[in-house]
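Here chain A shows up in two complexes: once beside chain B, once beside chain C.
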Partner chain A sequence: MKKFDRERVLLAVAGPVIALVVAMTLTSIVLVASGKNPVEPYTLMFEQATFSDVQVLIINQASMYYIAALAVAIGFRMNLFNIGVDGQYQLAAMMAAIVGAHVALPAALQIPLLILTAVFTGMFWSGIAGVLKVTRGVSEVVATIMLNAIATSVIGYLWLPNVFGVKVGNNNTTGEMHESGWMPGIDMGAAGEIYGFVVIAVLLGIGYWIVLNRTRFGFDLRSSGASETAAAASGVDPKRMVLTAMLLSGGLAGMAGLPILLGDTHTYSLNFPTGIGFLGIGIALLGRNNPTGIAFAALLWAWLDKASPELDFHDYDKEIAVIMQGLIVLSVVVSYEAVREWGLRRQQRRVGAELAAGHVLGAPSDNSIEKEVAGR
Partner chain B sequence: MRRVSRLALAGAATTSLALALTACGGTSTSASSEADGNQGLAIAYDVGGKGDQSFNDAAYAGLEQAEKEFGYETTDVEPTEGETDADKTQRLVSLAKQGYNPVVGVGYAYATAVKEAAEKYPDTTFGIVDDSTIEAENVADLVFSEEQASYLAGVAAAKSTKTNTVGFVGGVDIPLIHKFEAGFKQGVADTNPKVKVLSQYLTQTAEEGGFSSPDKGKTAAESQIEKKADVVYQAAGLSGQGVIEAAAANKVWAIGVDSDQYKQEALAKYKNHILTSATKDVAKAVYNLAKSVEDGKPETGIVRGDLKAGQVGLADSNPEFKNNTELQEAITTAKEKIISGEIKVKTS
Partner chain C sequence: MTAVELAGITKRFPGVVANHDIHLSVRKGTVHALVGENGAGKSTLMKILYGMQKPDEGTIAVDGQQVTFSSPADAIARGIGMVHQHFMLADNLTVLENVVLGSEKLYGIGGKARRKIQEISERYGLEVRPDLLVEELGVAARQRVEILKVLYRGARTLILDEPTAVLVPQEVDALFANLRELRAEGLSVIFISHKLGEVLSVADEITVIRRGTTVGTAVPAETTSRQLAEMMVGSELPTPETAESTVTDRPVLTVKDLRLEMAGGKALLDDISFTIHAGEVLGLAGVEGNGQTELVDALIGLKHADSGTIKLAEEEITAWPTRKRREQGVGYIPEDRHRHGLLLEAPLWENRILGHVTERPNAKGIWLDPKAAQEDTRRIVEAYDVRTPGIDVTAASLSGGNQQKLIVGREMSHKPRFLLAAHPTRGVDVGAQAAIWDQIREARREGLAVLLISADLDELIGLSDTLRVIYNGRLVADADPATITPEELGSAMTGAASGHLENEELVEQLEEQAEAPEDEAR
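Right after this comes the complex of A and B.
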């Protein structure tokens, strides 16, 4: 009998909107304080968003942020903090690049093979932290941070010329992948090409929603996150849940680097973007672990990234965007808490008012009683 | 029913958002630019950016000289963290669009970007520092024989050590820095095979701060000095300041890199402990490229700065180093042998 709940939507949207407004205001204050025009940077950045080539850049970048944030979010839903997304996607992308350079199958097999390689590498890496947590009680935060550092060293080792490395000029690469592993993109003419993996990113978002909200596993996962003891009492094995959630998170993380690997660089080199896993944490937070919310958050982040370089050419510092990203994360945390408390108080007041009016608590009001009965 | 509709909504929202966004607008490069026709040299920095007291700053010095001499407008742009090749391409294209010529990417990371931007703007000259893989009519690959200067630094170190132990601190474990290490080791070994070289890299990737963390450089140098190293050579960008600081604090020699670090204001406190610097004249290379464009005969292909051309070498601003005749003789002999080709310096 859950109908479209205005209250819930209001509360869900209020958090990020307040955070954005606060962050923009604070950024403007910073601009005024440094003697600059507080509005022009925004107009410049909005103008950038109307150019189709910048839009392509934004969407491509957002696809990577999106997958990384989904990986973080799946952990969040279960109260697991997977900080290791960064190491997981880098290692996974590298393994996929290596397989892509040494195995040549037809495209219909090659691309799935590369995706599976990345997924399993990510799973393996996060699985280590998962196993440590369920068998030895090691905090997954500590374990995944350590694994990030180890991943960098493993990557350094794999780059050695006598292992899988191929030196191109002063750059380390893993050699160019066979062409059958290049994922065709959506050609936008002069604006560039949207990575084909963007479609998969969207599918992953839908899959994430279905698994979490429409399967028994998703219910177990969410309930373990809400209260581990309660979930255990109702027959959910907490250890199994921790391990599966970690593996799922790592598997998703493994795909975060694939959009650019399969769509553009076709090799894992020193230029491969890093830090996406950490950005994913902020984006998952901003998107409230909700696939649609995360999509908006990822696009917002990518827009700030891609529109800000233009500021350099107009006597503003592009670091304004970085300041803003930092402020958004900060105010998101504060505003979500504030909105939650505000919502609670509102609810209490309403309950109080209904009690004072002589209604029985929980009884449906007015004429919806019949419907309720029919619903049973 | 409801299940399907909400599901459809979630999916549709994400896809339509993506599609709707791309549906409108021309490209930023086709939009009108505000060029006033007086644009000259532009440089785009690598990670670390301006203020690293070595590599990037050297490029900026070249830019300043060009600006003064040719009286045109110049610009320099810094990168963002964790950016992709597409961002770098966008940056270079943006500069070319505004009319800057030549446009120089500082650092091998710009290789792909320079290649793509050069295809889009065939009338603009592009330069790339530290990369020789791009072959195009309008691209000049500005590369240096760092190993040759490092070899000389190795000779100087081997001649100056009393403990028969010297140290090498590299910023990031990448092929470019391996050239410094290889040259240095060979120089030490050819001069005095009894001298031991301690070698350490600060980080595996540039993102971890190998080129930008003086504290990391300091710790690494201190541990080498503890193991009796009394000459420490650093190729670590901004992190090298920490190496020099540690050397000065322990009263041992440091050897600088890229710029003549004895002369740098930020390091003036420690200059009495800077024996010499293995210079790499990025400034000259950048300036030369700008000059060639100004003269109407733009450089193209691989432009190598080596000992012969005087674009790498050892700085002799420290009088204690300059007036040490035995040391100078050894260095001069080594230098002649390298130039004549009698000594081949390894690059890895």
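Right after this comes the complex of A and C.
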């Protein structure tokens, strides 16, 4: 039944393409409305993408987006909204930075130690929300939002000089990590260096796909997302599944800050990127919770981020990129739902038509139609 | 004069019984009852009339004028109002506020509205007091508020969806008095129900709907509830009779003193004890909502018993989680296949895995085996005559009967020892129904123990080796399917009869016939 497979690909691509087209059109309308050229910003930004140093920046940035979006996506796959990826990755990155500054093992042990520190911190933080949901029925959305705020306060506390903080000028840092914890990158010559963690991000994507699509656990998780009641009747323990998914999501989220921490900053300071967790939500949506889709979405987001500063030099506002990101998220939500329903209905019609035409799997076609009619 | 006339209404949904060539004509100033079994298509029809769904074919005429409704607002504008089975009132607002909510433009929200409410209330004897909070009202009073709400919006035709389901008998009488009041004022009422006694007492005319289509009309004065029941169930259906008994003395499922409580400590199930032997079908009759769903949940492990034990063969499974029960040979055909039996947007082969993800051929160790699962799905599709162009289409694109055949095939493929079959043929076309009956019969011959729950009494009587009646969470009566009639079973279902049910005439006849040596198997 190749036909239906091709159709599935078509449906998968139709959603994001429609969303992107709509978002670009709307952005152009905004540009026209403010008396600007509606096309030039795009050409400028596309041009940026051809420079190898910008490409390196895009890939590095995308690796963080990618991991954060995977963390969100694993929640989405079972109808959990982990909106707390932001707090989870920041706290996790800070803990990793602190461990990295105070423990000095050989690199072969130090880097795994830092990664595990981040993973467990993220799991711990999301686990709180998971436990609250399972034992007390607290909505994970509310709990994780609150935990974001608490994470900010905890980070502020840990930054105090008499705790783990090290003041560098006006900046709060956690002190520089020992060099054994610096992850070597891929040298691109003059263009810069691609973070070593990019490789891990790719592996995470592959792992995500395998776990979800090729394991029993993944099937249980996906069925819980598709229908909680059917999953429970099939033998999934809903509470355990919620907790596991929350922990997995938090563990992934914990790694979202590591590419830059291990590859560049080597300390957790006030300059450390924030908000990646929230961007991850939009990216996961655009990527349809699919590891390949998310990769494209993360690259797109990173491109908008890294190519837009150029606009300031040409009398455009770089915020155009932010507007565009917002519009993409909005149109994605609408277009996916529309495409999903359309696809479902279309398939039902096609199945009806195929059956009426006698294309029944494994049955000699003729008498089957009569039976169907007689059955009415 | 007809108030409402539906002609040739057809509505297709993938996956469920749709309306098919419905004809309904409601005269002005009458109470018109629409009766049919659960799932016969009554609700869909009313949703069409109330503008919540659009028919694929057919016409709707109100007061002789052809109309199309695209939303309930259109229907209201034409004087059609609906009182839903589940009330749609805001508890923390007063009656007045609830009534004017959404119709502020009609009579404002102040004194004029209050006067209008009082006027309607007096005119139809509704006894509604506008300034009480809705949360202070009882169920019957809330229902009258709902009726008033509809009248306030100018309805001339009222649709009442199972209005008596929530009322005690005295309240039912009061409601009927209200309805007669409405009728006397020239309004029309469409009264949806499956309680035949009530229908006969209140309706002027009755339309019977079965399997999505109207099968006839009746006038109460010339009809008995037995005739109505026959129209509802239909006599040309294939009979589900099982030939010879295959019951053995090997118990497969033994339930003892099972009790299940609600959060507040009220018993949903109490004192439930029964044994099902290999090769036995135990039929459970009962009006919906008397504990069947809870019993199913307790047996499959979705709810855990508060006391009592469940044994599968020799093992006690009371504390087992659902997955372990299913792995160890409890098959499950759920009552609501969309909620509990299928992932509608997943392909058929993933639905074949559902519920058996840890078992072969679906998995090897912790890994899924999609190839083997797909292969086996093809086998099921062929063996169980699931009509589909392929196994990659979503479950939602199949008709209800084919979805059900897939579920039955899936469950039977794992050689269950005990099959929990809740309404296995609900919403399924006649052909599929016969196929499913055959499957159950065949498995029974091979020693399967079956708990059959069904609203279709003929199905129960025809397939079962033993019958039990559940009422109010207890097993109140038992009967021998060889000697019982649907009417007698029906009266036990309402709690009117208990203990061992016997049809005296039939028993006598049977005894006379069986003067000869070979006694009944049981």
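Just so we're on the same page, the second predicted complex is superposed on the first by the 346 of 376 C-alpha atoms of A that agree within 3 Å, B and C clash if a C-alpha of one lies under 4 Å from a C-alpha of the other, contacts with A are read in each partner's own complex, and residues count from 1 in each chain.
Just so it is clear, a residue touches a chain if its C-beta (ideal position, glycine included) is under 8 Å from a C-beta of that chain, and two chains touch if they have at least 3 such contacts.
Because the structure is predicted, anything quoted here is derived from the model rather than measured.
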item: A:Thr43 touches, of chain B and chain C: first, second, both or neither?; value: neither
item: Chain B versus chain C as contact partner of A:Ser139, first or second or both or neither; value: neither
item: Touching partner for A:Arg214 - first (chain B), second (chain C), both, neither; value: both
item: Which superposed partner A:Thr25 touches (first chain B, second chain C, both, neither); value: neither
item: Partner chain(s) touched by A:Ser34 [first = chain B, second = chain C, both, neither]; value: neither
item: Touch count on chain A, higher of chain B and chain C; value: B
item: Touching both chain B and chain C, residues of chain A; value: 214
item: List of chain C residues in touch with chain A within their complex; value: 14, 20, 300-302, 321-327, 332, 334, 339-346, 350, 353-358, 363, 366-368, 370, 378, 381-382, 385, 387-394, 396-398, 401, 429-432
item: Complex interface listing, chain A residues touching chain B; value: 48, 50-61, 152-153, 155-156, 167-172, 188, 190-192, 194, 198, 202, 205-206, 209-210, 214, 260, 264-265, 270-271, 273-276, 279, 291-292, 295-296, 299, 305-306, 308-310, 312-313, 318, 322
item: Chain B - residues contacting chain A, complex; value: 3, 7, 10-11, 13-15, 17-18, 21-22, 24-31, 75, 77-78, 80-87, 90-91, 94, 98, 108-109, 111-112, 130-133, 173-176, 204-208
item: Of all residues in chain A, those that touch chain C in their complex; value: 1, 4-5, 8, 213-220, 222-223, 226-227, 229-230, 232-237, 344, 347-348, 350-352, 354-355, 359-363, 368, 371-372, 374-376
